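Read through the structures below before going on.
One chain, subunit A, appears in both complexes that follow, with subunit B as partner in the first and subunit C in the second.
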Partner chain A sequence: MKKPALERPVLLDVQDITRLYGPAKGCETIDFQLHAGEVLGIVGESGSGKSTLLRVLAGLEAPDAGRVLYRRSSNEPEAARTGTGRNEISGDPKENAEAELDLYAIGEARRRALLRLEWGLVHQNPRDGLRMGVSAGANIGERLMAQGQRHYGRLRATGQDWMRQVELDPGRIDDAPRTFSGGMQQRLQIARTLVTRPRLVFMDEPTGGLDVSVQARLLDMLRTLVRQLGLSVVLVTHDLAVARLLAHRLMVMRRGQVVETGLTDQILDDPQHEYTQLLVSSVLTP
Partner chain B sequence: MLSETGVSPKRAQPRLTVNGLHKQFLLHGQGGLEIDVMRDLSLTLHAGECLVLAGRSGIGKSTLLKMLYGDYRIDQGRIRLHFDDGELDLETLPAYAWHGLRRDVIGYVSQFLRVVPRVAAVDVVMEPLLARGADEVESRQRAETLLARLNLPERLWQLPPGTFSGGEQQRVNIARGFIGEHPLLLLDEPTASLDAANRDVVIALISEAKARGTAMLGIFHDEDVRERVADRLLPLDGSLGSLTTASQDFRESLS
Partner chain C sequence: MDGYNFAYLDEQTKRMIRRALLKAVAIPGYQVPFGGREMPMPYGWGTGGVQLTASILGADDILKVIDQGADDTTNAVSIRHFFQRVAGVETTTATTTADVIQTRHRIPETPLRSGQVLVFQVPIPEPLRFIEPSEQETRLMHALEEYGVMHVKLYEDIARYGHIATTYAYPVKVDGRYVMDPSPIPKFDNPKLDGNPALMLFGAGREKRLYAIPPYTRVESLDFEDHPFEIQSWEHTCALCGSDHSYLDEVITDDKGGRMFVCSDTDYCQTRRGEVA
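Showing the complex of A and B:
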């Protein structure tokens, strides 16, 4: 039996990120690496700074200090394969795609192109991630069009295909999201985000605010999509059960700082830090 | 009765060695209570053998399996996997690498099934194959073959196992654990809630795994099963169990 290949390239290298709104409000000196194909869960109570950190990582809010480095060397994402938008991100047509990008040093235009072409963000509230006034199909097609796809028939077929993938009735492709239930809206947001085959996806409490029965269905879908698309994910959640089912690895945050990191099962079954022990033992198990 | 000094299969090479393993739980919420649950545990496990952990019930035999599977941290001691082209130390393995190790090398049949609520039994069973990128149709067939072998009624295959009886859940769990044919398999009482017929199926699955060269480390309370599957017994009364009440799980130790 041969030794398994366990090394995974680093996709995101987060160095010493600090973003504070006030003393212990925000996040402070956060350091970690996300490897390709990994689902990293950031857990903690509200006010722990996990959402602030996610906003910094996802390119939405510049940190006070520190760097977010994105390494594009490993397997080319869809956008790069088709050639569209590649130069838009690297800035220089001659620069090769293996470059390491410093998220807040590359400038607004290139950062926006990166978020549109290679990254995805799933908001807790689907209304923040969807255009409520335009049809479901247009919502799914928008990111593809931003990548340069223009063929109406193909966009529509892809839209229907993705509605099926997230278990929405493709017959409702022309309906506006506001006519959908909360769970359906969340699935539509996921389809809209994943249709461009992003390499890296950020999720902020993706199952928060949904009924428990709807949550279970969504969790299963997310697990399947992560596997099928080989996604790398940074997931923020306060729900340890969600973290257990989705995340390979966890980071526990408290008052803006990381108090413990490790394999998900280790954090939940053998927590070391006083706060993690308190957090884990406070969960109600029916 | 087999003993620890029993002869190991001749052709076998060590697949796993454990040296001087210690485990302690420190409970901050209970005034920093320290519970020693494991002292100086060592073992060698070969390809194609089933080593059975022996010792009083409740002394924490599962703790060892959980350390080998990465559920519990390895505080002190060494756990090494041996491959044709080198060794792998688990106590220094970075967290991101465990995911691949569990997918390809170490399998685990736990006592309890933990799944996403709405997922059908057959999908639960085939997931380890899909995780490796296996073909879906083929994976489904293998899952159904295993479930049929374990006598799980076909009408249950498409239902989520959450509502199943203990024995039915256990069989789903066993099918999920065996389907991946991992070279190292950890078995935590896989026959605990099974009837005689299904116990025989599990014993047959273990024999077939041995023939494939699978190295297995298991806990079996049923003496008859133990006699039939064990190549060696590893007595643990000296190295497991605590001075205070034994703690198997952090949660249990709090309640």
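Showing the complex of A and C:
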């Protein structure tokens, strides 16, 4: 009998990342591994360095020290997964076969291609992630066009399909994002990011600034999408309720350092570190 | 003319611009920065084109200047007089006899020949500018060939108007590499860029950029598979020469709705009328 693999392969290997703007400002010697299909939550108060860490992980800011390694499983080549040759990070097949990429050792061209094709980033403020001047359909299609899709009809069909998936009215495909509400803009940003079926998605407070009922529906949708697409997610949030709903594993940060890691339920129900205890007990429960 | 160097610019400036031009020809479609000079005319009147023309003009070259295709419009007349005064070169309105043609908005209808140089006046050289305001970012996008956003604009056109509504400054890809703004020529003229035997130079005076398409270079207009590139067409023919294949201007002739369509290229129109008569 064939047994399922218990140990999922490591997708992201973060080794001693340090990025400091000043003493205890930023993040210091962060070390963790993200497995394929896993949702990792990073929680902590404002100024604890969680957003800095996310920027370093997402390739937006080079660390002072440490490495970010991205491992693709060798039995799942990129071209076979998406079915097109244009998705390759580099034209050299040898480089693509490489199983391990050091995010800040590869050139800028390859890093940007990686961000565009295999990774995704959902900003806290949808205005940072969307092109506000062009229609919803163009927003969703941009990453596809960057990959070389040149068929208007198909781009549009994909756009409508994704609007349905994120529970937006497909009839509004030609409307500008600024005519959408905050929650709808956030859905649109998620659709725009997920349309290329990235393997790894970074989310920075995806439900920040939304009211509670809209948050709940967005979280529900995110949970469904994460499971359906088998995404690996690094989720930064200050909201423990969001972390409990989405994350499998939690990392608690304070003053740029990780004070506690573990399974989500374990951390929230039985916090060990005094700061985590404070954080968990400070949540209001109606 | 006394007090001025030949063709107004000093020799060092011309040398600097020629050097930039050599680079532009070597990398077709790539925008080369150059030290633009103040010219005795305002930005937007063709200072970029004038500096390029001044740098490449020889004493025995014959110059033609057109604006919107016409030799007799204000801008064309003043630039032609400028070079008559400061360079003393011979000028013409005939496309076939000209060695250097400075143009705004049009490529002449008469096919150009090898050895001729076409100089364009460019207002905004950066095709990515409308979607990316940062110069640092657009240069990086050119360097890494990240041209997906160009199609976002075309997509938006089709979504809004049902067809690609960009009719001028229609983006092209030069020699399969750089995406380039062919200056505000109508897209009607885009096919003339492809494989043209003449050297085409583009100068933007305010932005201080120049770029080039060497002779016989492949130039493709961007499009979608299901919305291919198309040029404008008219139901009318030219009211003066009867041409059914040239770019037509609509001219209002009175205040009772009277109008006529005429060739925008005046030299072409006159030549044809001469042949017919």
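Miscellaneous remarks
To be clear about the criterion, the second predicted complex is superposed on the first by the 262 of 286 C-alpha atoms of A that agree within 3 Å, B and C clash if a C-alpha of one lies under 4 Å from a C-alpha of the other, contacts with A are read in each partner's own complex, and residues count from 1 in each chain.
Convention: a residue touches a chain if its C-beta (ideal position, glycine included) is under 8 Å from a C-beta of that chain, and two chains touch if they have at least 3 such contacts.
Since the structure is predicted, the reported quantities are computational estimates derived from the model, not experimental observations.
Shared-chain residue A:146: touches subunit C; no touch with subunit B.
More residues of subunit A lie in touch with B than with the remaining chain of the pair subunit B and subunit C.
When both complexes are overlaid on chain A, the residue A:220 reaches subunit B alone and has no touch with subunit C.
Contact with neither subunit B nor subunit C is seen for A:125 once the two complexes are overlaid on the shared chain. Contacts of A:112 after superposition: subunit C is touched, whereas subunit B is not reached.
In the superposition on chain A, A:261 makes contact with subunit B only, not with subunit C.
Those residues of subunit C whose C-beta lies close enough to touch subunit A in the complex are 131, 140, 143-144, 146, 148-149, 151-153, 155-156, 158-160, 223-227. On the subunit A side of its complex with subunit B, the touching residues are 1-8, 35, 37-38, 213, 216-217, 219-220, 223, 227, 244-245, 248-249, 261-263, 265-266, 269-274, 277-278, 280-281. Those residues of subunit A that touch subunit C in the shared complex are 108-109, 112-113, 116, 131, 133-135, 137-138, 141-143, 145-147, 150-153, 155-156, 173-174.
Remark: subunit B residues 15, 25-29, 47, 66, 69-73, 83-86, 88, 93, 95-101, 104-105, 114, 116-119, 130-131, 183, 213, 249-251, 254 touch subunit A in the complex.
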